[in-house]
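Quick heads-up: structures coming right below.
Next come two complexes built around subunit A: one with subunit B, the other with subunit C.
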Partner chain A sequence: MLPRFDLYEPKTIAEACALKKEHNGRILAGGTDVVIDMHGGKEFPVIIDIKGIEELETITEDENTITFGALTRHRTIEESVFFKKYYSALWDGCSQVGSVQIRHRGTLGGNICNAVPSADSIGPLQVFDAVCTVASPEGDREVALKDFFIGPKKTILGPDEILKSITIQKLKARSGSCYIKYGRRKAMDLALCGISCMIELDENDTIVKSRWSLTTAAPTSIRNYPPEEYLTGRNIKDVDLDELGKLAVKDAKPRSSWRSSAEFRIALLDEMAKRAYQNALSRALEAKTAPPLMSEETGFNVF
Partner chain B sequence: MDRKTINVTINGEQYIRNVEVYMTLAEFLREEIGLTGTKIGCNEGECGGCTVIFNGRPVNSCIVLVNEIDGGDVLTIEGMSQDELHPIQEAFLEVGAVQCGFCTPGMVMSAKAILDQNHHPSEAYIRKNMEGNICRCTGYVRIMKGIILAAERMYGKAE
Partner chain C sequence: MSISPIIGTTVLRKDGKDKVTGHAKYGADWNISGQLYGAIFHSPVPHAKILKIDTTKAKAYPGVRCVITGADIGNARFGGFIADQPFLAIGKVRYKGEPVAAIAADTERIAKEALKLIEFEYEELPVVDSIEDAISCKGLVNETWKDYTIFGMAHPVEGTNIMDRFELINGDIEEGFKQADVIVENEFRCGMLQHTVMEPHSAIGDVTDDEITIYAPAQSPFSTRSMLHHALGYPLNKIRIICTEIGGGFGSKAEPKLEMLVAVLSKAARRPVKLVYTRDEEFNATFTRASVLYKIKTGATKDGKLCAQKVQVWWDTGAYGGFGPRVNYNAGYASNGPYFIPNAYTDSYCMVTNHSLGSAYRGFGVSEAAQAYEMQMDEVAKALNMDPVEFRLKNVLRDGSVSVTGETMKSVGVAKCLEAASKNLGWSEMPERWVDEDGKLHGKGIACFIKISGTPSTTSCTVRMNEDGTLLINSASREMGQGVRTVLTQFASSVTGISVDRIMVAQTDTSITPYDKTTTSSRSTFHSGNAVLEASHELVRQVTELVAKKWKCNFEDVHLDPETGMFTCKTDDSLSLDINKIGKSGILKEERPIIAVGKYGTKDIFDPVDEKTHASKRPTIMWMMGAQAAEVAIDMKTGKVEVVHISAAHDVGKAINPLGCIQQVEGGLSMGYGHALLEEMIYENGHLKNGNMVDYKVPTFMDSDFKSSIELVEVAHPEGPYGAKGIGEPVVAPTGAAIANAVSAALGRRIHSIPIKPEKIMFGEEGEYASKI
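Coming up: the complex of A and B.
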């Protein structure tokens, strides 16, 4: 049996926020972090299960953005041909979380709010300029995902706030992205380190926009500016991969832990940056037009 | 609340139970309903021994809280066969995919989830979708063979 708790099942966001504040309650989404903690003996006197709030489940889009409800499951992204083809970094991340069983349960919102440096969806979301919508009884506010964390396992969420949704910017034609995760095993392992990148080319093969982020290379997942500055405005013919690799690890401050030394993580990231760039580049060169509407590409991934 | 009345369909039968909420689906199945085919190995989402199909999806029942299954549909290993074994179980027996058998219920449920979604899975697809099930005995080769054989029997060879 788990440690005892009192359970609430709110049906609206307002109710969930009020309960969180009143009881200092622990929000429960897929539970793949929370229930593990409970099995480990951690006591949460009040659990607030938000899975009954339908509004948190939907994925919507407009002309420029796609918005994921906080309860969007990793497996939903993984099964979608649309995300694999057009928002590849996000697909690369979500499809490598834990196992199938975990991906059916684990949510984007939980991955973000759990706020560990190895979270596989956060780095990829950052390269699409993700913005979090945070709900409280006073209304919604927007916080860029890169500003959402104040330390490991710590977010900017106030006592009466929950994460409502995450919005990414739609890509243009000739854009591509990639996330590479390095784990000691192919499955069921946390990222020893990870790197994400997104590039957009103009018709002359000059990089007009680039976004990078690092996973397990700092206390939280961080945006990675040096390679962005190096690539922006540069023609793909003039990209020196060795230089790119060096810049990609310039701001990385991984720890040495029992999993691996900091030096090893840096060496890995240097190489992974080159590969991530080359993957993103080949995807960008294939993407002749901007991604279609999500509703126009409804295929299911059978790889 | 610290108790909840759960109305759930398990293996096609309806059960109504009033239970304490700090209970997992795995515990509910084993202790409340007496379906002990679902195995608890790690109790933390790692091993897959507790895999059941919940509302059409494979999940680790050790990390699903019981409140959520109210109104839902659960399939466990006991529901896989009535008078005869399910083709996946037959195939596992035939190729020798079972040694100590502790992982087998979870393996069979994950295999069922794969074949429900993909009638002609590639080896790569099977590997990727079985990644949450750990076996300490067989070395996986025969489990893989068993799933491929079951797929062929159930849905024919891929063209």
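Coming up: the complex of A and C.
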């Protein structure tokens, strides 16, 4: 039984922002977190269902970036061969959220705004230097995804702000990425821990850019700088995997709980860092050219 | 005599279409006129003295019709074996989630709002949070056992937390160990489990001063009726249980819970009351499979023969008895496995703790027993340097073997099952352990088991012919996914020749349906099958009389061929009639209706057990046996265990509905996978930490998608219907042990406890299983 609530269904972003401020309302995108909370007894007196705002569900691109409307569904990414091939970490993450049914409902924006450390899409988005566009009556502002969280379940969004879209940087040639999720089950599970990485190579196999992030290893999904610093400027033949593993867990601060010990999560992250790197590397070596524009790509499922 | 081809033919499930189209009406789908909605105030703490329950504000809340506490009910208590459980807490609360107060209101929302207005004051007591805590008697969950009525099977020990003790004594254990060349001692544990049935518990009670009517998805309506009778004093014939469809039972609906609450709530409210539990209430306030500690000491001679075994068992039965003593009894009988052991001793205890009730769960303790003794058998085989399959085949019971209770065994299929399960896995072509190209460790494991079916017990049914010649079976064997409804129509069809699509099974209602003890213990195909066969023969006799009358010939000359359904006359070749067209034939018109009764009971077959040693030459009507073999692959760097292949072979006696049997095995493998690797209720100081479907890891379809090979072995049971034996619970009995043995083989070290979490693989399990007693 759901607690009582008033439901608003705005048709524009401005209307949604105004309603949110007026009622201190809870934004509902896919509902895969909000409705579960409500069934658990959590009271949200005002629900603002933004599913009717069409412009939030588009994916657009320019020369350097791809922008996902906040309502982009995990299933949309999962079903796209384009994202699977070129933005693999994001595909890895989105295709492992919950179950098929949940991925049909759950959105990127919802996953981000729910702001739990185990969110499967946030870590991967971080390795593509994602930037959030936040809308309010005063206009839009941009906030790097890494700066979007101020604590577990807490974001920088003001009372009249909603997340409008997420923009990622397009990859160059010889780039590859990977997200590894560790869960006890093969579906319908939260990440006990997870790790994402992206590397870009030059023609001499030197890593010119690297991005890492951690999932369920701190109060929020965090960027993971030590392995980035270690890899940047290093030739792939000089990469010591054991060293990389150690650096990848340097900033990790997982908790010990009945779910698992911190020691175990650290051991997992160490191993998964090596695997994520190797996976991203093999993908980078295969990527001879930069990803095409989505609109130029033929034979793929383009949105 | 040849058997009708409908026996052994896969038949479309009788309950399938209604369930997949959403038409089936489960407990929560029912509503009755004038009903109120119930809500329960559960104890927020595991162990406390009740100081005050103030319901004044809740009672004053608009729309609330009635609020009751334990004080309103008096000292009535209930239980299957020991009546220790109050309807609502009296004096103390003994587990977090225990019902303390109950509300009936005009709507569900009002009832739940009013819950927040109940003021509950208590003084916390030390929590008995483990088997060790319970044994130490530092805190007593029950100060005395003397106040409770005992129905035979529970044997509590005053001044302790022991609610039941079961001993099994065979031969001379000390002498037996003297003969041994190797002696192996180990401790094993199984974690606490939830049934996590899809359909939560629910009930509607409609109670007056004179009569009780309950609507519920009950597995055992007659036992529920009996418990209500004993606890509340209503005459049996004034208590009616109307059964709804069951959305998953697995033992969780074997004993009443909400039925008891709505009974007292409806009586107080003087209106019908409906109560449906949430998933949170399911986890905290229903039933569990108890966690258990096994200590086993086994002796064997150097030629590989078992000569002595001592098994000590402690169950964490939770706060109240429930079906705990029955678990203790069934698992106690199974505790030495399907082996010939001349000297055996089992000493097994139900310990009460401040946890949720450890009660009936698919197998009644038999899976846990198999988990322990089959891990132990591998260790004995290892000490003897023997192959695990070879060692088992050398020691398993065979026709003519004398069991640990003194029974001369017959219809024993376990050796065949071991041979089939190992062969289908490719056992003899595999090394014990190896490493694959990805660096994963592989291992193989085997496990077999033995299980009793509760004996003595009785059942009955009626089979009646409708005016159109179709049949209606009235049986209290409850369909809960196991396929009994389909199988009963096959039995009726096999005798009458009436096609299964012209045979229905009615829903169960204790005021209409003939008596059946319970739908548990994998007994329905066997017991109700026999009853339906008896009724069907009688029904054929009655129909034959009418046919003979119509044809104006002698009864003895009219013959029904059950294969074709054709009546023929020995004396007149021109006469024939298809029984499937008998409705239109006019034969039935205005004749005395066709109705037949079938009965089956095992009291005369049962050899009453010795109270001390539990020796019996026939402790059960039916032994069930089988074996499963598993191959696993382990990633040592992540601790992940992948089940590559499970090969299952179960002796079903005779597969009545083969696909139904295979579906049972498939479901069991998935469930057993969960037991072995994922599922566990985690308590910390009496508080359940993972009572939700995210943190309590039930396997998904994705997890269950491993290769399985299933072989149905058919060693006919002399008293079974067409030789059939039970298959519902046995399928899950050896899975956990087979997986654990495969994991142990792969690791090269023994795993002692389930679930086998990745951390145990990577860091070991020391401290997690070893007892402190």
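Here is the rule we use: the second predicted complex is superposed on the first by the 295 of 303 C-alpha atoms of A that agree within 3 Å, B and C clash if a C-alpha of one lies under 4 Å from a C-alpha of the other, contacts with A are read in each partner's own complex, and residues count from 1 in each chain.
By definition in this document, a residue touches a chain if its C-beta (ideal position, glycine included) is under 8 Å from a C-beta of that chain, and two chains touch if they have at least 3 such contacts.
A quick note: this is a predicted structure, and the numbers were derived from the prediction, not measured.
S.K.: Just to be sure I read the superposition right, which of the two partners does A:I156 touch: subunit B = first, subunit C = second, or both, or neither?
M.R.: After superposition on chain A, A:I156 lies in contact with neither partner.
S.K.: Quick one: is A:L241 in contact with subunit B, with subunit C, with both, or with neither? Answer first, second, both or neither.
M.R.: In the superposition, A:L241 contacts neither subunit B nor subunit C.
S.K.: On the A-aligned overlay, A:R259 touches which partner chain: subunit B = first, subunit C = second, or both, or neither?
M.R.: second
S.K.: Counting only touches as set out at the top, which of subunit B and subunit C does A:M1 meet: first, second, both, neither?
M.R.: Touch status of A:M1: both partners.
S.K.: Of the two partners subunit B and subunit C, which one touches more residues belonging to subunit A?
M.R.: Between subunit B and subunit C, the winner on subunit A residue contacts is B.
S.K.: Touch test for A:G31: subunit B only (first), subunit C only (second), both, or neither?
M.R.: first
S.K.: Go through the superposed model and pick first if A:M188 touches only subunit B, second if only subunit C, both, or neither.
M.R.: After superposing on A, A:M188 lies in contact with both subunit B and subunit C.
S.K.: For A:E9, decide between first (touching subunit B), second (touching subunit C), both and neither.
M.R.: first
S.K.: Identify the partner contact of A:L268: answer first if only subunit B is touched, second if only subunit C is, both if each is, neither if none is.
M.R.: Second partner only, subunit C.
S.K.: For subunit A, which residues belong to both interfaces, subunit B and subunit C?
M.R.: Subunit A residues touching both partners: 1, 4, 40, 99, 186-188.
S.K.: Considering only the defined contacts, which subunit A positions touch subunit C in the complex?
M.R.: 1, 4, 40, 99, 182, 184-190, 258-261, 263-264, 267-268, 271-272
S.K.: Can you list the residues on subunit A that touch subunit B in the complex?
M.R.: Interface residues on the subunit A side: 1-9, 28, 31-32, 35-36, 38-40, 47, 49, 51, 75, 98-102, 104-105, 186-188, 300, 302-303.
S.K.: Provide the residue numbers of subunit C that touch subunit A in the complex, in ascending order.
M.R.: Touching subunit A: residues 108-109, 112, 280, 637-639, 678, 682, 684, 689-690, 693-695, 697, 699-703, 757-759, 762-763 of subunit C.
S.K.: Okay, in this complex, where on subunit B does subunit A touch?
M.R.: Within the complex, subunit B touches subunit A at residues 1-2, 4, 20-24, 27, 43-46, 48, 51, 57-60, 62-65, 67-68, 110, 113, 117-118, 121-122, 124-125, 128-133.
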